[in-house]
Amino acid sequence: MLEITLFYIAATIALVATVLAMTRANAIHALIYLIVSLLAVAVIFFLIGAPFAAALEIVIYAGAIMVLFVFVIMMLNLGEEGDARERGLLQPSIWAGPTVLSLLLFAELLYMISTIEGPVSTQAVSAKEVGLALFGPYVLAVEIAAMLLLAGLVGSFHLGRRYLEREE
Amino acid sequence: MEGLNIPLNHILLVSTLLFSIGMLGLMIRRNIIFILMSLEVMLNAAALAFVAAGAHWGQPDGQIIFMLILTVAAAEVAVGLGLVLQVQRRFKTLDMDSANRMRG
Amino acid sequence: MNTGQLMALMPILMLSLTAVVLMIQASIKRDQGLAWWITAIGFLLTLWGAGYAREFTQPVTMLLMVDDWGLFFTTLILVASLVTLILSKDSFSPEGERKEEYYLLLVLSVLGAVVLIQSSHMASLLLGMELMGVALYGMIAFPEKGELPLEAAIKYLVLSACASAMLLFGFALIYAATGDLSYGGMGAKAAAAFSQEPLVLMAGSAMVLAGLGFKLSVVPFHMWTPDVYQGAPTPVTGFLATVSKGAVFVALTRFYLDGQLYQYDSLIMALSVVAMASMLVGNWLALRQDNIKRLLAYSSIAHFGYLLIVLIALAAAQSTMSSELIGQAITFYLAAYIVTTLAAFTVIANLAGEDDSKSMLSAFEGLFWRNPVQASALTVAMLSFAGIPLTAGFIGKFYLIMLSIQSQLWVLLGALVLGSAIAIYYYLRIIFAMSKTSGTMIKTESRAALGAQDIVAALLLLLVLALGSWPQPFIEFAGAL
Amino acid sequence: MGDMIWLVPLIPMLSSILLMLGSGSLPRVIIGLLGVCSVGAAAVLTLLVGLDFLANPQPFQMTLWTWMQVGNFSPGIAFYFDGLTLVMMSVITGVGFLIHLFSTEFMEEDVSYARYFAYLNMFVAAMLVLVMADNLLLLYLGWEGVGVCSYLLVGFWYQNSANGQAARKAFVVTRIGDTAMALGLLLLFTQLGTLDIQAMMGVANEQWQVGDTLPLIACLLLLGGAVGKSAQLPLHTWLPDAMAGPTPVSALIHAATMVTAGVYLIARTNGLFLLAPTAMMIVALIGLATSLMAAFTALMQSDIKRILAYSTISQIGYMFLALGVGAWTAGIFHLMTHAFFKALLFLGSGAIIHYLHHEHDIFKMGGLRSKMPVTFWSFMIGSAALAALPMTSGFFSKDQILLQAYLQPDAGPWLWLGGLLGALLTAIYSFRLVFVVFFGEAKTQPDGDTGWRMALPLVVLCGLAMVGGYFIIPVAEVFPVASGEHPANWVEYVSISVPLMGLLLSYLIFHSGQLNVDKLVNSSLGQWLRRFWHSGWGIDWLYDRIFVRPYYRLSGIMVNEPIDAIYGLIVAINQTFNHWLAESQTGRMRWYIASMVFGLILVLTLALQISAEAL
Amino acid sequence: MVMVNLILILLLGGVIAMLSERAGENIPRRVALVVIMLDLAYLLSELWGMPSLTQLQAPMPDDPSTWLMHFKAQWIPAFGISIELALDGISLLMVLLTLVLGAIAVSASWTDIAVKHGFFEANLLWTLAGVLGVFMALDLFLFFLFWEVMLIPMYFMIAIWGHENRGYAAMKFFIFTQASGLLMLVATLALVKVNHSATGQWSFSYFDLLNTPMPEQTAHWLMLGFFIAFVVKLPAFPFHTWLPDAHTQAPTAGSVILAGILLKTGAYGLIRFAVPLFPEAALDFSWTAMALGAAGVVYGAVLAFSQSDFKRLVAYSSVSHMGFVLLGVYAWNELALQGAVMQMVAHGFSTAALFMIAGSLQERLHTRDMREMGGLWQQMPRMGAVAMFFVLASLGLPGLGNFVAEFLVLLGLFQISPWITAVAALGLITGAIYSLILMQKSFQGEPNPKLQDHGLVDFAGREMLTMTVMMVALIGLGLYPQPVLDMAQPVLQSLLEMTSVEAMP
C-alpha cells in the first residue's frame, strides 16, 4: 500500500511540477521545477522496480542535462525584462487553442490506454540484468549511441565554438 | 519489494499526462529555452512509459530504451543549446515567433 | 557475434571507420581537402562493403537485419551521399577552414541512415533516426553567415525532436501492449493479442506513423519541409530529400511489414487519409511557388503521398504475385525518386549555391541557352517527377497505378491522377522558365568548361533516362531482392 | 457526237483555270477571246450534240469515272443527256455566250478583267455540270459550284464591303437551302440505295406509294434546295442584294441560269414529286405566293436592277407554280423564254447603267428613248415578253402555265386567279419601268449608245424573246404525258386580256397620268403598304431580327469561350487551395507544432474509430 | 525494322539538324527538309515491293501477320511490354500524311523563325517521329509512350518560338493532353490487368488485348479513359479549349503540325483503340459521343465566327471539322468511317494551308488581328486566291476533299440517326458563315489605309509551290478519292466485322 501511496504522491508532484515548469516566466525557476519533476519520476522508477533507471534519471537527466540548461541560461544572461515579456505572452488567446488540442490528445490516449489492464511486475529488474542485456543483444545499440553522442558533440562544438569565438 | 501492484495504466496515465503537458508547453511557449524544456518533458514521458512497460513485462528492455532515450535527449539538447546560442547572437532574441523569415 | 555477422555489418563498419579516421585526421592536422578525400574513399569503401556484405545477408543480433533489399538501399544512399559530397566540395566557402566537421557530420548522418535502413528493432530505428537527425542539424546550421540556415536548423531540430517524442511514446505504447521491441516479435505477439488490446496497439502504431510521417513530410506533418529545404544549404537539402527520406521510408516499410500492421483496417484508413492529403496538399502548395527549393519540398510531400499507396495496396493485396509487385514498386519508385531528386539538386546546387535569391525561378530563365547540360538535367528531372514516359519517374508511377488498380484503390488512384495533373503545371513552369529566349541576353556570359558538377548532372540525367527507357534489368534486379 | 459532251463543261473550266493562272500576265484581248470563245465553243458543241439528239432522240448516259466507291455508294462523275438537258445546256451556253460577249465591252475598263472571265467561265462550267449530272451528288457539285461562282461574282468588286455583304448573304442563304437538299440526298440514298437520278426514280416508284410520308419528306428537303437557289419564299432575300455584282453577271446568273436551277431540279426529279402530291401542292403555293409577293415589291422599287430582280423572283414563282400543278413542260418552257427576255432586260439595264455612270435609280433617268435606241427597243421587247403580251415568247409560256393551273384538281381556279393577279402586276411594273426610264423628260445624259459587242447580244436576245415562244422543246420523253384537257375558252380569253389591262393601267398611271393614284398612295394605309412592299414585305427585317442579330449576339457572348470559363473555374479552385495552404505556411514554429499535434489527433481518431467499431 | 528506321531517321535527323546550326543559320531547315524527304523516299521505296495497295489483303485485327508490316521485339518482358509496330492501310495513310505535312511544315516556317534554328527544326523532326510512333505502335505501352513524348518537342515549339502569349498556351496544351493521357494510362493498365487476370499473362500487345473479356461496367469505365484522352486531342467539345490557344500561339510550323497531324492522332486512337477494344461499351456510348460531335461541329463554327484573330478563327474551324470525325467514328459504319478517314486527310491539308497563310500574314503585317487587315487581295492577289481556295475547301465545297469527307460522314450518320445528322448539317451553314467572314475581313473589303505603304510581298515561288501541292492534293481528294478510300477500306471492313461479331452475343 505504501508503494501505491508513494506512487500517487510522486505522480502528483511530477505533474504539478511540470505544469509549473511550463508556465514559469523565469527560465531558472522553470528549470528547478523541471528538476523536481524529474526527481519525482525517478521516485516512480524506483517504485516500479527500476532502481538503475531511477539512478540514471537523477544523475544524468536531472544532473547533467539540466545543468547544461543552466549553463546556457547563464551564458545568455536573461534579465528581468525578459521575464516580464514572457509573462505577457502567456495570454489565454495563446494557450486556449493548444490546450484544447492537448486535452483532445490526452483524452484519446487516455481512452486507448484505459483498455490496458494488469499491474506492473512484482519483480524488480536489477542493474545486472540491464547490464547483461545492454552488452548482450543490445551491444550494437551502445556502439551506435556512441556515434550519436559524437554527432551531438561535433554539432554543438561547431555551433558553440563560433559563439564563443565571436564573443571574444 | 513484495506486493507491488501499481496498475500499469495508472503509470501510463501519468506519462500520457506528462506528454500532453509537454506538448502544450511546446505549443504555447515562444522562448526557445522553454521549447527545449518541453521537449525534455515529452521525452521523459516516453521514457517513463517505457520503463513502466518494461516493468510490466518484467524485462530489462524498457530500461535499456530508457538509457537510449537519455542519450538521444543529451545529444538533442547539446545541439539544441548550441543553436540557442547562435539564435541569441544572430536574432538578438529567443522568441521563436520572430524566426519566420521563410514562409509561403 | 560471429565473423559472418561482422562481415554483414561491413558498410556500418566502414562508415564508422571513416568517422574515426576523420576525427584522427582533424586532431592531427586540419586539412579540409584531405578530409574530403578521406570521406570520399570512405564512401567508396562502404559501397564496396555493401557489395561485399551481400554474401553474408542475415539478421545481426536482434537490432539489425542485413538483407539484399537493405543493402541495395544502402548502396543507393551511398551514391546519393557521394553526390552530396561532390556538391559540397565548393559550397560553404566562408567555412572553408572548418569543413572537416561537416564531412564528419555527413559520415555520421549516412551511418545513421544505414542503421535505419537495416533496423529491425525499435531501438535501432530510434538510434538510426536520431543519429541521422542530430548530424543533420549540424549540417543544416553549418554555414556561418545568413539567418536562413539557422532558422531552418532550429525548426528542424524542435519539430524533429517533437516527432521523435511521438514516435517514442508510440513505441512505448506498443511495448506496453505486446512486450516485444523487435518488429517481428511485436507483430507476432500483436496478432496473438489482437483480441485483447488492439486499441493500445493502434494508438502506438498511429503515433509511430506520425513520427515517421514527419520525417517523410506527409500531410499534416509536412509544414517544416519548405522552410528547411529553403534554409538548408542546397547540398544538405539534397541529402535530406534523398538519404533521409529514403532511409526513413525503408524503415517504415520494414516496421509496417514485419510488424504486420497491414492487417489493421484503422491504420490503413489513417494511412489512406494521410496519403490522399499529401498528394493533394503537396501539389496545391507547389502550384505557384517561385522558390525552386520550396517547390521541390512541396513536390516531395506529394511524392511520398504517392508512395504511401504502395503500403496501402499491400494491405488490400491478397495474392502472392502482387506482393512481389509491391516490393518492386517500392524499390523502383524510391530509386527513381532519389536519382531524380539528386539530378535536380545537383543543378540547383550548382546554380543557386547558398544564395537564396538565386533559387528563385526567375534566376533559371534562359538556362537552356546558358548551360544546356544542366538545363537538360533539370528538365529531365522535372519530367521524371511529372511522370512523363522515358523517364524513371514514369515507371515508378506505372507501378503505383498498377498497384492501385490491382488493389482497387479507386479513391487513392483518383487522388494520384488529380495530383499528377496539377503537378504538371508547376514542373512545366520550371521548364518554361529555362526555355525563355529572353534569357539569351546572358548568353555572352562566359561559360566555364565542363565541371565536375556538369558531369554529375549528365550522369544522373542518363541514369534517369536509362531507368525510364530500359527498366527491364532493374526490374529483374529489384524482383530478385 | 454524244461522246463529246464531257467537253462542254470542260472547255470553259480549262479556260477558267488558264485565266486564273495567267491573270497577271495575259493581255486583255487574249483574255476576252479566251473567255468568250470557250463558251462559244461549248455552245457550238451543244448545238452539234443537240442536232444529233434531235435527229435521234435517244437519252444516253456517260460515265467518266467512278467518283468514289464506298460499299454500295458509288456515285460517278457521269453525265445524262436527254431533252431537258439539251434545253438547259442550250440556254446556258447560248445565253452565256451572248452575255460573255456583252461583258467584253461592259467590263473593258475593269482592272480585274481576267479574274472576271475566269469566274464567269467557271460558272458556265459548273452550271453545265449541274444540268448534265447523272446523279444527285454530281448535281450537288454543280449546284454548290454555281453558288460559289455567284458568291465570287456578286462580291466581284470586293473593295466595297457592301458587295461582300451581299455576296455572303447570297451564299449563306442559298447554303441553307443547299443543306436541306443535302439532307434530302442523304435520305434518298439511305432509303433508295442510289443517287442516280433515273435509277432512283425507278426504285422510288417501286418502293413508295403515292402519298407516302418518306417521299414527301424527301421532296420537301429537295424543295428546300430549290427555293434557296431559285430565290423563292422564304429564302428569296438574297437575290435583290445580289444585284451588287456586275450587271452581266446578274443577267447570266441571277436571271437566266443559276436561279432557275431549282426549277430544273424539281423538273429533273419529277418522278419523286409525283409520288408526293402534297409536296407538289406546296411547290405551287410557294410559287404563287412568291410571285405575288415579288410582284408587289417590284412595283415599289426604284432601283432598276432591283425591279428586275424582284421580277425574276416573281417569274420563277410562275415556274414553280407550273411545276406544282404538273405543268412540267410549261415550267421549263417558261424557264427558257424567261432566260431570253430577262437576260435581255438585264443586259439592257446594264447598258443603261454603263452609259449613265452607274446610275441605278429609275427616277433619275428618263427620256432615254431617243438617246439609246437599241437599248430602248430591247427594253420594249423584253418588257412585252415579261408582261406576256400576245405573240411574245413570254405569252406562250405564261399562258400555258395559267391554263394548266386552272386545271389543277384541288384548287385550280384559285391558283389561276392568283396567277392572273400576278400577271396583271407584272404588266404594270414592267411597263412602269419602260415609261419612267425611256419616256418623259430626260434627267441624265448618257455617254452614247451601245457598241457592237453590247448591241449584238441585245439584238439576238430581242429576236429570241420575240420568237422563243415558237420553239418546241424536246422534253416530251422526260415528263409524264399531260392530260390534254383544255379549260373553257373564257379562261383563255381572260388570261390573254389581263396583261393588256396591266399595260393600259401602267400607261394611265405612269405615262399619261390620267389615272391619278396619289390620293390612294398618300393615304396612311397606302403609305404603310408602300413601305411594306418596298421593303420586300419586311422579310429582310424579320430575318434580321430572328436570325442575323441573335447569331451575332450569340457569337458576341461566345467570343470569350463559356466552356473555357469552366476550366478557368477549375484553375481558380486550385489557386484558392494554393492560396489557403500557402497562407498556412506561416513560418511560425508553434503553428507547425500545432499542425503536427492536430495530425496526431487525426491519425489517432481514425485509428480509434475503426478499432472501436471492431471491438 | 522498316518502321523502326523510319522513326530513327527522324530522331537522328533532329540531332543533325540541331548540330548543323553551327554551320549556318539557314542550314538546319534544309537538313530538316532533306531528312523528311529521305524518310518519305525510304518508306515509298519499301512499299514498292509490296502488293499493290489497292488490293490490300484485309488485315485481321487480331492477327498481325496479315498486316502490311509487323515488327516485334522484347522490351520489358516483366510486364509483357514489347516494341511492337505494325502498319495497315490506315496507319500507312496517316504516316504518309505526317511526312508530307511535315515537309510542308518545314517550308511553312522557312523564314519566320528568328532564334535557335537548329533546335527548332530538331523539335519539329522529333515531333514527327513521335507522331509516326503513335500511328504505328501497337503495343499499348509503347503507344502511350509516343503519345506523351511527342508532346514535349511540341511543347517546346510553342513555348520557345510561339507568339505573345506562348507560355500560357503551351502550358494549357500540355496540361490538357497530359491530364487526359493519365486517364488513358490508368485505363490501359486496368485493361492489361483484366487481361492478366483472365489469361495469367502480362501483355500490352494490341493483338492480345483485343477480345479481352470483361464485365460491362468495367468496359464502360475503361473505354471512357481512352475516349477522354482521344477526344481531348481530337479535340471534341467540351474538351477543345486548349486548341485555340495552342494553335494561335504556336509558330506557323507548329500550327501546321498541330492541326494537320497531331489532332489526327486522337481520331486514329478512337478508330484503332477506343472502339475495337471495347466494342459493346463503345456502342452504348456512341450516342453521347455523337452528340458531342454534333455539338462540336456547331459550337466550333459559332465560335469561329466570333473571332477577330485570324489563326483563332481557323483553330475553331478545326474544332468544327473534327466534330465530323467524331461523328464519323461513332456512327461506325463503312460510309461514316471512310468519311472520318477522309476528313483526317483533307482537313490536314486545308487547315495546314490556312495556318500557313495566317503565318505569312503575320510575318508581313505583324498582326493576326483581322480588324487590322482588309482588302489585302489588292496587294497580294495570289495569296488572296490561294486563301479563297482553302476557305472554300474548308466550307466543304464539292469537288474538294473536305466535301467528300463530310458528305460520307453525314451519309453514314444518317443511317444511324437522321436527327443528329440534321444538327451536324447545320455545320455546313455555319461553316459557310465563318469561312466567308474570314475572307471578307482579311482579303476583301476596303483596303486598310495603314497597310498601303507596307510594301506587302505576294506569295513567291517556295510558298506557291507548297500551296500548289496542297491544292492539287485537295482537288485530287475531291474528285478521285478512291486511292485513299481503297487504302482504308480493308482495314475498316475487318474492324467492322470484328466489332459486329463481338456485338452479336
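Letters A, B, C, D and E name the chains as they come in the text, with residue numbers starting at 1 for each one.
As a working rule, a contact is a pair of C-beta atoms (placed from the backbone, for glycine too) under 8 Å apart; a residue touches a chain by one contact, two chains touch by 3 or more.
Keep in mind the model is a prediction, meaning the values are calculated, not measured.
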Any chain in contact with chain B as well as chain E: C, D
Partner chains shared by chain A and chain D (touch criterion as defined above): B, C
Greatest separation from chain D - chain, by CA centre: A
By number of C-beta contact pairs, the top two chains: A-B
Nearest-to-centre chain - CA centroid comparison: E
Between chain E and chain C, distance of the C-alpha-averaged centres to the nearest whole Å: 43
Chain D and chain E, separation of their C-alpha mean positions in angstrom: 37
Distance between the centres, which are taken as Cα means, of chain C and chain B, whole angstrom: 26
Interchain centroid distance [CA atoms averaged], chain B/chain D, Å: 94
Residues of chain B engaged with two or more neighbouring chains: 8, 12, 19, 22-23, 26-30, 35-36, 47, 52, 54, 56-57, 59, 61-62, 64, 68, 72, 75-76, 79, 83, 86, 96, 99-104
Chain D residues counted as touching two or more neighbouring chains: 582, 585, 587, 589-590, 593-594, 597-598, 600, 604, 608
Residue list for chain A, restricted to those that touch at least two other chains: 97-98, 101-102, 105, 108-109, 111-113, 116, 138, 141, 145, 148, 151-152, 155, 157-159, 162
Pairwise chain contacts, counting only pairs that touch as defined: A-B, A-C, A-D, B-C, B-D, C-D, C-E, D-E
Chain D - residues contacting chain C, complex: 574-575, 577-578, 581-582, 584-585, 587, 589, 591-593, 595-596, 598-600, 602-604, 606-612, 614-615
Of chain C, residues touching chain A in the complex: 1, 16, 19, 23, 60-64, 98, 101, 104-105, 108-109, 111-112, 115, 123-124, 127-128, 130-131, 134-135, 137-138, 141-142, 144, 173, 176-177, 197, 199-200, 202-203
Residues of chain A defined as touching chain C within the complex: 108-109, 111-113, 115-116, 137-141, 143-145, 147-148, 150-152, 154-155, 157-159, 162
Sites on chain B touched by chain D in the complex: 23, 26-30, 35, 96-97, 99-104
Complex contact set, residues of chain C against chain B: 122-123, 126-127, 130, 134, 137-138, 141, 147-148, 150-155, 157-158, 161-162, 164-165, 168-169, 171-173, 175-176, 179, 181, 226-227, 230-231, 289, 294
